[in-house]
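Remarks on the structure that follows.
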Amino acid sequence: MKNDNIARLLISCPDRPGIVSAVSSFLYSHGVNITELAQHSTDPEGGDFFMRLEFQTPYMDVSASTLEKAFDEVVAERFGMNWRISYAKPRKKTAILVSKFDHALYELLWLWKRGKLQTDISMVISNHDDLRAPVEAFGIPFHHVPVDPANKEASEERIVELLEGNADLVVLARYMQILSGELVSRYPRRIINIHHSFLPAFAGADPYRQAHDKGVKVIGATAHYVVEELDAGPIIEQDVARVTHRHSVEDLKDLGRDLERQVLARAVKWHLEDRILLYGNRTIVFK
Amino acid sequence: MKNDNIARLLISCPDRPGIVSAVSSFLYSHGVNITELAQHSTDPEGGDFFMRLEFQTPYMDVSASTLEKAFDEVVAERFGMNWRISYAKPRKKTAILVSKFDHALYELLWLWKRGKLQTDISMVISNHDDLRAPVEAFGIPFHHVPVDPANKEASEERIVELLEGNADLVVLARYMQILSGELVSRYPRRIINIHHSFLPAFAGADPYRQAHDKGVKVIGATAHYVVEELDAGPIIEQDVARVTHRHSVEDLKDLGRDLERQVLARAVKWHLEDRILLYGNRTIVFK
Amino acid sequence: MKNDNIARLLISCPDRPGIVSAVSSFLYSHGVNITELAQHSTDPEGGDFFMRLEFQTPYMDVSASTLEKAFDEVVAERFGMNWRISYAKPRKKTAILVSKFDHALYELLWLWKRGKLQTDISMVISNHDDLRAPVEAFGIPFHHVPVDPANKEASEERIVELLEGNADLVVLARYMQILSGELVSRYPRRIINIHHSFLPAFAGADPYRQAHDKGVKVIGATAHYVVEELDAGPIIEQDVARVTHRHSVEDLKDLGRDLERQVLARAVKWHLEDRILLYGNRTIVFK
Amino acid sequence: MKNDNIARLLISCPDRPGIVSAVSSFLYSHGVNITELAQHSTDPEGGDFFMRLEFQTPYMDVSASTLEKAFDEVVAERFGMNWRISYAKPRKKTAILVSKFDHALYELLWLWKRGKLQTDISMVISNHDDLRAPVEAFGIPFHHVPVDPANKEASEERIVELLEGNADLVVLARYMQILSGELVSRYPRRIINIHHSFLPAFAGADPYRQAHDKGVKVIGATAHYVVEELDAGPIIEQDVARVTHRHSVEDLKDLGRDLERQVLARAVKWHLEDRILLYGNRTIVFK
């Protein structure tokens, strides 16, 4: 029940004195209790300021829409803020796209079932039918949308149709198809992909083979927001594992699966808890 | 020059609504610009609240002492706060105690020389004379205070005499003598020790041998504040390294030296930047 | 098919010159092809020597039993070796004991299904019935053996009965009951447990709470062979994760689940591939 | 004294049965005691085989040159081996090239002084004179060889002259000049460089700024052998550290220094102990 009343305020604006005071006093004056506060300034003089506040609203003296309107007028305009308030309820809807690899999918479903992801999973879409049974066993709708290379548009249209109104977040959990720029543009900063390398190293196809050929001693995985340019969106999270000459390409893939599922799960969790702000092509993550 | 005006406000108090608003508005009203703010609540309902603000004072409209007095009356009393303001200038004075191992000492001296530790190193004290030359080469006074097991009191008296007025912080950089409770009580939460194990495992003597005998696969080092009970003070920082059956006790010591110097350096840095608060026997580190 | 012919020779003996030559020449003379070789000496002079060879037997010129007999006579006696040859086929049988936590169990089942564990999983036994459905979905027999505190002997008798002939390895995947010394003695060095702390720190109950109370900055998990003394058996593998004051006990448990499943999976994998030798209460792991 | 008799045999050849047997029996027959043995096969069928043996020679029944000649005739030819024997005594000579950054240099000097590097450091060469005093304090010759952009050839000639006969290994400990292809070709696989990024990401100049701009969450350092193509030689060792949006470029550089000195020190140590073999553009490191 406590969670029902949680909201998060995300702010970015030019840094200058008085921001924390103005924001916190405004919220306090409306009966709001701040439970988490994190801020970051790229430079106190002439830099950019970022802030995330989590607060509870059971004793708020006005409606959410009134609070938002007042905040805009009283605080945001004065400081030239980009801002939004996100409410924990109703929960965000997440759609997962997957191909045949199941590890990243299972991790998300398992965490979700244990109540560790603040979302409803609205559907799983796959270009293969292999994972239908385990997904449906979780009580989640599974849609098989085959991709015909000769007619990718038709598949994408079907995906768009399925997502429409059912996805605040789209997660590519090792979905082995490239989304069109048009589809990407429908979900700006709301599509998270897991790439199986330590980006920007080894962008593109078959990164574990690239890593093996190069003889690196550490491999990685990268969760990032999807933008039109392939593998170039803002990085949310990365992690790495040590490897040696003893690891074959197959071994790297096995090790990498562990990295991929954990890195993706963390990125999705932070997105759902509104912990991620964007600063150009970089992310600020208030974890 | 910018650094000269830096101050930090550290607060702990029972958590309740309005703290951030009260503190930030007070500072803003006095022309103070908050450049860093971190907070932590153990529980928004009935828990404890901790806060660290770093701010710049060039445009402050009152003197430091007036600001402190006003803060106490206007804010601190109302919320039942434990608090203190620490100023970056004058810099804290640090005394380092060492025996024969040089790695942790060198790390501190090297960081200090590169301007990475916000302190003046007032002296190095050792129960051996071995490290005199390298210490003096840094332009730092070196005091050889031998410890006669039959008369430890005399040595301690000499140390107390040397430290008197010259040490805001005492760092035990692998000082192989146990300080008396009386000496410890003179520097509450101002003595940092590096212990060469992953405390609370392997407290006491010869931890690398203990770790080797036990066959652990990970070794560690722990920086902690010194309290009367040996190796039991609040942990500031820990780090670990993987080991295998191939590592001899000597190998563990070599690996451990790397951990020790880094862990100690981080703890000392955080202490000097007033990033550490205490919560019972635990630390809150706003890094 | 290649895997069908794999065997591993594990040796421990006093170190002295000529061991590698004698062993490798013996195997070569019988048409055996060594594909992996690892050795470790605690000290070339007066120390102990450990060796693991993996070899393929398609062109072996004698039967397995003849080879073993000859090895004993020709090589092992001469060097005073403890040794055994383990064959990849038939695969070892593994029984998993579990309570209500599913993470370590799922990890093992998922790896097994992907062909990453060289074993047949003969059964899962639990003192609760909760995990029956997912286990049976994997096609693995599930046995619910409730534990009545007033009559633990009856439960253990039932477990012994189930395991009899069906378990070369017993894995305690967060099984929350303490096995009797009698049961442990039936499976010397063939029961692997996952303990949710960085042993020897925080042995016993509720280690995450102990870790939280102590304010450690790193938590860990430990996979070890079970011996009669609780949490004191030879450590096979450990891993750790960094934590801060922000982590609640519940957060530590979440983080810890990740460690536990990975650490246990690695230990089980190495055991099944005969990569672990014992040296007193320590392990030699040729990974 | 024990160390004086240590030698290492490094082998690479096509994999086929009988190699271990032939090599170990040959050595044993000449009174040589193998103290370490590591091997690696890229594929037992049709792959490449690599082996490192460390052995002690006090009871060897022939001279080193006779042993080598016999090994070539009796063993190496039969298996088509590339091989060499390297003797711990006389110790290899190492020359260090450095510019103004001191961290990697100090780490090497400190480890060397503690006896952890099996080498004599014959000289330090720098294009600046800044580090003369600390280097000479270690009793090591320091040569200031300024680099005039208009006449780089003259500087290189001077360096070549200094190195001639005095360097089995050349270490670039953050030497900020690019060596000519001609100089590189004089020391094939005997020049080790530390690059301050996780190669192949961020090759070239100012990698910490590149990493910061890209918003990566992990930074790294890479030790590699120098080849003509810049930053493209075989990778010996890498390590990484986690970073967040809070780290400025300057912070990355500070963190990076820790990585650089450790990664370089490990690579140098392994080279000096003859633990590194080359396999195309990759390294096999028998650590």
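Should a chain be cited, it is by its letter among A, B, C and D, assigned in written order, with residues numbered from 1 in that chain.
Criterion: contacts are C-beta pairs under 8 Å (C-beta built on N, C-alpha and C of every residue); 3 or more make two chains touch, one makes a residue touch a chain.
Small disclaimer: the values here were computed from a predicted structure and weren't measured.
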Higher number of C-beta pairs in contact (A-B or A-D) found for A-D
Taking each chain's centre as the mean of its CA atoms, which one is farthest from the centre of subunit C? B
CA centre of subunit A versus CA centre of subunit B: separation in Å? 37
Whole-Å separation of chain centres (CA-atom averages), subunit A against subunit D: 42
Per-residue multi-chain contacts in subunit B, two or more chains: none
Viewed as a graph of touching chains, is the assembly arranged as a line, ring, star, complete set, or other? complete
Touching residues (chain side subunit B, partner subunit A) in the complex: 17-18, 20-21, 24-25, 27-29, 31-39, 41, 44, 56
Going by the contact rule at the top, pick out the subunit A residues touching subunit D in the complex. 40, 198-202, 213-218, 220, 234-240, 244-246, 279, 281-285
Flag every residue of subunit A that touches subunit C in the complex, lowest number first. 103, 106, 110, 116, 137, 254, 258, 262
